[in-house]
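Both of the next two complexes hold chain A, though its partner changes from chain B to chain C.
Entry: the complex of A and B
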């Protein structure tokens, strides 16, 4: 694999940053704005890093947006009934993990297409979230100590940025340094070959889906901590952007395989484009169009790269 | 009248067809016979326009016939019915018949009534019993086969080629289909029948052509030959001793490797009793001893690969008793087999063996990840240990590669195959299950793989391998098992067998005295 195909996407980010810096030297290129971008991209990065697990399996999980919303509502509801911070965080993450495990179980055992299964799970989770919250934004009884996990700075770096870095290291560790990660990637590459080589397809699949929604639940907690409130559909917008970031990530560093560092890079590209265009005063609808075009371009670059192999 | 004269076809250095000739007359059923790899499939692909012959010629009713693609072959009136069904399960018979064919239209939209009536007319012309209004998913396999044939006959067909049409049918269903085939021929069509069932050939074919190693070795009328004659043609006359004896002089093993452990002295390592890959098939018995190399032979569709896969525990439908070293194992479950020291190498490297887009390193590690842990109890990979271990393993198997991170698809077939086998080799290994261990592999790698099998057996590992290559079978196996129609039809020491015994068993014919 050539240097260009390995680092082309990183180079792309550099070009985008350079263009915005030239167009807006005093708005975009300020150090404070760049640090701000790392904070803006962090939640998206965490959701996308979760999606990288299921993309490594060559599957999809469409429930992640609903799980982000669910985590917020569940945590605020638990705080409201007097639960402590640690217990609330553990229960919320556990609930997120469980959603993915259920999807993974159906996908692995009954070969339900993951697209359909997780669409259904996302709909169910969304309905339950709405039910629990009564459709309202919840913001009472959130402890200050909990809010601190999603706001403020440590050593001049936003806390959320540190979470994104930690998430990247976690996903990189699971995918590249654990047997589970290697098995997930092998199943994604050739399910039958992995099965015949003795890989337990069912447990690995359940784990991958569970870790995916666990990351989404973490993002939901951080979102709630940052905003100080939870809305029953507040996380739904993450779904498509997360896959866009993860897909962009597959074009970077590894030969078309989902990977943690690439996913972080993908989230960065999306965040930089959104931030830069906002600063230049480009309307929102044009931002969406740009983001879509960038995704198409990245897919084509990847396919050309493969054809050249 | 279909004539094939001196057709040759090469793939790289391999000669697949070396002057094949065949003359099939209209109104007659012509059987095309031969062992695995004799060239039948290649010949059919030349007829269907998938391959273009390198030499020789073909003619249809006296006119030159050289299809450049499948469409030209179809326009010339050739129809092919393959062993595997190619039907859309949710479509009815007549909907299936129009897939890939222009739909009748009225006012721009599909004219369903004409579609149905045209198909019904074809069915009635051939006097077949078939419900055309239910989805084919609800029809039996035999009826689906009839749908396939009718689909081929929708337009005027001059040549109908049936490739193993009865392989998946029961005796009774096959008999029905035989009647239909005879009837089709009587309508004036050239019918070419490829079959591994000799009883079928003798029941319905008028003429035959036998291929061996890409050459036509015999042809004539079926009434002028008996089964032994056909088997002798397929197997080749006297076995060519000189060809095999030559490498033996250079230190390679003997033609008929001797049995190492007389079965009575040692209990078998692997013992199947009433074991079957699926509940609808009869169970079979089989045993393999430690240090023994057993070859499992059979024609395509005889059930050998599915048996091997079931022994590996990869088939959830498997039933029956399986003991390994006197320990009873469940009929399915791969991880248990691995813990007991069983290894399996599937056929079809690309589809089922390797993850082609992943690196050499990842592919070697996949079944053996726990061997390369940083700490014994944590499932965390130590890449340093892994790289060192994999380099050594590849060196031992003399695999040629660039870097460990290169995609495994960059390696030659021989090197890929050596990796597939080599990644299982280890001190705990007791039984190797190899499916077509040397298919598509160069001569040198083939010799290395054979040497590895012998070394493993010498160290006490049992080797059970499936092969379609009778030369390989005779060279490598100490004991030979032959399967036909899901049953074991022969189980004997290699040295006691002739080639014809093996072919007889594979085609399930009793040896007749000539």
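Entry: the complex of A and C
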């Protein structure tokens, strides 16, 4: 794998940052803004890192946006019912994990296509979220202690940034250093070959889907803490962006394989572009076009690198 | 590809070069809504006359994006931040942080929150009461209605609460069916729901209460398609131009409560100009009036 295909995406991020810094030295290039970008990208990164688990299986989970929304609504509802922070966090994360496990179970046992299964699960979860919330944004009874997990700074670094770093290390650890990670990657490479080699396809698949939605639920909790409110569709915007970030991540560091560092890089590119173009006052439609072009360009750079090999 | 990229880059450079000290950032999650769009277009026109540069950001229903973009424009040091059709409490920290930086935050058709300099709106509860009273009177104070609502929007929620109050005062009116309208895409979403209700209840439906005009239009399309002989009366809120046109056509859509959205936007420009000049707003909340637009007010005879 050539340097271009391996580090082209990272180089691309460097070029984008350099261009925005030249165009807006007093807005974009401020240290405080760059730190702020790390905060803004963190929730997307966490959702995308979760998506990397199922993408490593060569599957998709379309319920992640709905799980992000669900986590927010469930947590605020539990707070409203008098539950404490720790219990609420555990129950919410457990609910998120369970959603993925159910999807993974059906995908693994009954071979239901993941697109269909997770689309159905996302729809069910979305419906339940609306049912619980009554369709309204929930504000009340969110403890200050809970809000602190998604705002504020530790040593000048936003708390959310630290969560994203922790999430990256967690996903990197699972995928690169554990038996589960190796099984997930083996199934993604060739499910039948993995099965014949004695890999437990069903438990690994269930774990991968469960970890994916666990990360989405974590993002939902952090989103609620950041905003101080929970919106019944607040997580929907993450779905496509998370896969865009994960795909961008697949173009970096390892050829065509989801990886934690690359996914973080993908989220950073999306966040930098959104931040820089907003500061420059570029209209929304141009931002969308530009983001799409960057994704295409990243894949092309990777392909050029492959051709050069 | 290369040409497109070059053009985009040129566009970005142009925006970067044209940015100047009197930048006003306008942010909303609902730009595709006709009412929100009307406010923003009027705001842009009035701002251009003042020589301001206006940057409009639409996050398409995504509040995490909205929070991030508010942080961005605050970091960019804009002269003012205008939030349209948003309850600023949903992004309370970001609004407060912008205010702490000395950037005035003005809300159009939203609510008050910590850090908000002024909220310019119509009293949404009063709008809901006006709509309910009109519809119930037109129905002769008896019959069944279908309710289209969207509780996530704080203003629309107030209208819903006004309906609940009005229902308590008019025991002859019953809600036979209700539907939470999905946004974006409210017209088609309401149309699909109404098609189901029409098949289910038919002539039992005497009225349609729509929390804003787009679901009212969707309900009308369903009736025109599936039950054109229906006598159900439909009414909404906003004074959407399409709704007004449909009222003129003597359709089942009989009324809309017109909020003065251009008036809200013009008031905002006036208030921002004063704030930029260093004056303190006289009031933190300014209510702009509303009125019912129906066949009579449009001078249309449908006999």
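Odds and ends about this structure:
The rule is simple: the second predicted complex is superposed on the first by the 301 of 309 C-alpha atoms of A that agree within 3 Å, B and C clash if a C-alpha of one lies under 4 Å from a C-alpha of the other, contacts with A are read in each partner's own complex, and residues count from 1 in each chain.
Following the convention adopted for this analysis, a contact is a pair of C-beta atoms (placed from the backbone, for glycine too) under 8 Å apart; a residue touches a chain by one contact, two chains touch by 3 or more.
Being a predicted model, the structure only gives us computed values, none of them experimental.
After superposition onto chain A, the modelled positions of chain B and chain C are compatible, with room for both. Contacts of A:36 after superposition: chain C is touched, whereas chain B is not reached.
When both complexes are overlaid on chain A, the residue A:283 reaches chain C alone and has no touch with chain B. Centres of mass aside, this uses C-alpha centres: at chain A, the angle toward chain B and chain C in the superposed model is 130 degrees, to the nearest 10. Shared-chain residue A:178: touches chain B; no touch with chain C.
When the shared chain is aligned, no partner comes close enough to touch A:113: not chain B, not chain C. Once the two complexes are laid over each other on the shared chain, residue contacts for A:25 go to neither chain B nor chain C.
Contacts of A:145 after superposition: neither chain B nor chain C is touched. By the document's definition of touching, of the two partners only chain C reaches A:275; chain B does not. In the superposition on chain A, contact of A:130 is made with chain C only, not with chain B. Which of chain B and chain C touches more residues of chain A: that partner is C. Chain B and chain C never share a C-alpha pair closer than 30 Å once the two structures are laid over each other.
Residues 1, 4-5, 8, 11-13, 15-16, 18-19, 23, 31, 53, 55-65, 67-69, 71-73, 75-77, 87, 89-93, 149-152, 154, 157, 180 of chain C touch chain A in their complex. Chain A makes touch with chain C in their complex at residues 23-24, 26-27, 30, 32-33, 36, 39-40, 43, 130, 134-137, 139, 151, 223, 226-229, 231-238, 271, 274-275, 277-284, 286, 289-290, 293, 296-297.
By the touch criterion given at the top, residues 309, 312, 314, 334-335, 337-338, 344, 346, 351-358, 362, 365-367, 369-370, 373, 379-381, 383, 407 of chain B touch chain A in their complex.
Those residues of chain A that touch chain B in the shared complex are 176-180, 182-183, 185-186, 189-190, 192-200, 255-257, 309.
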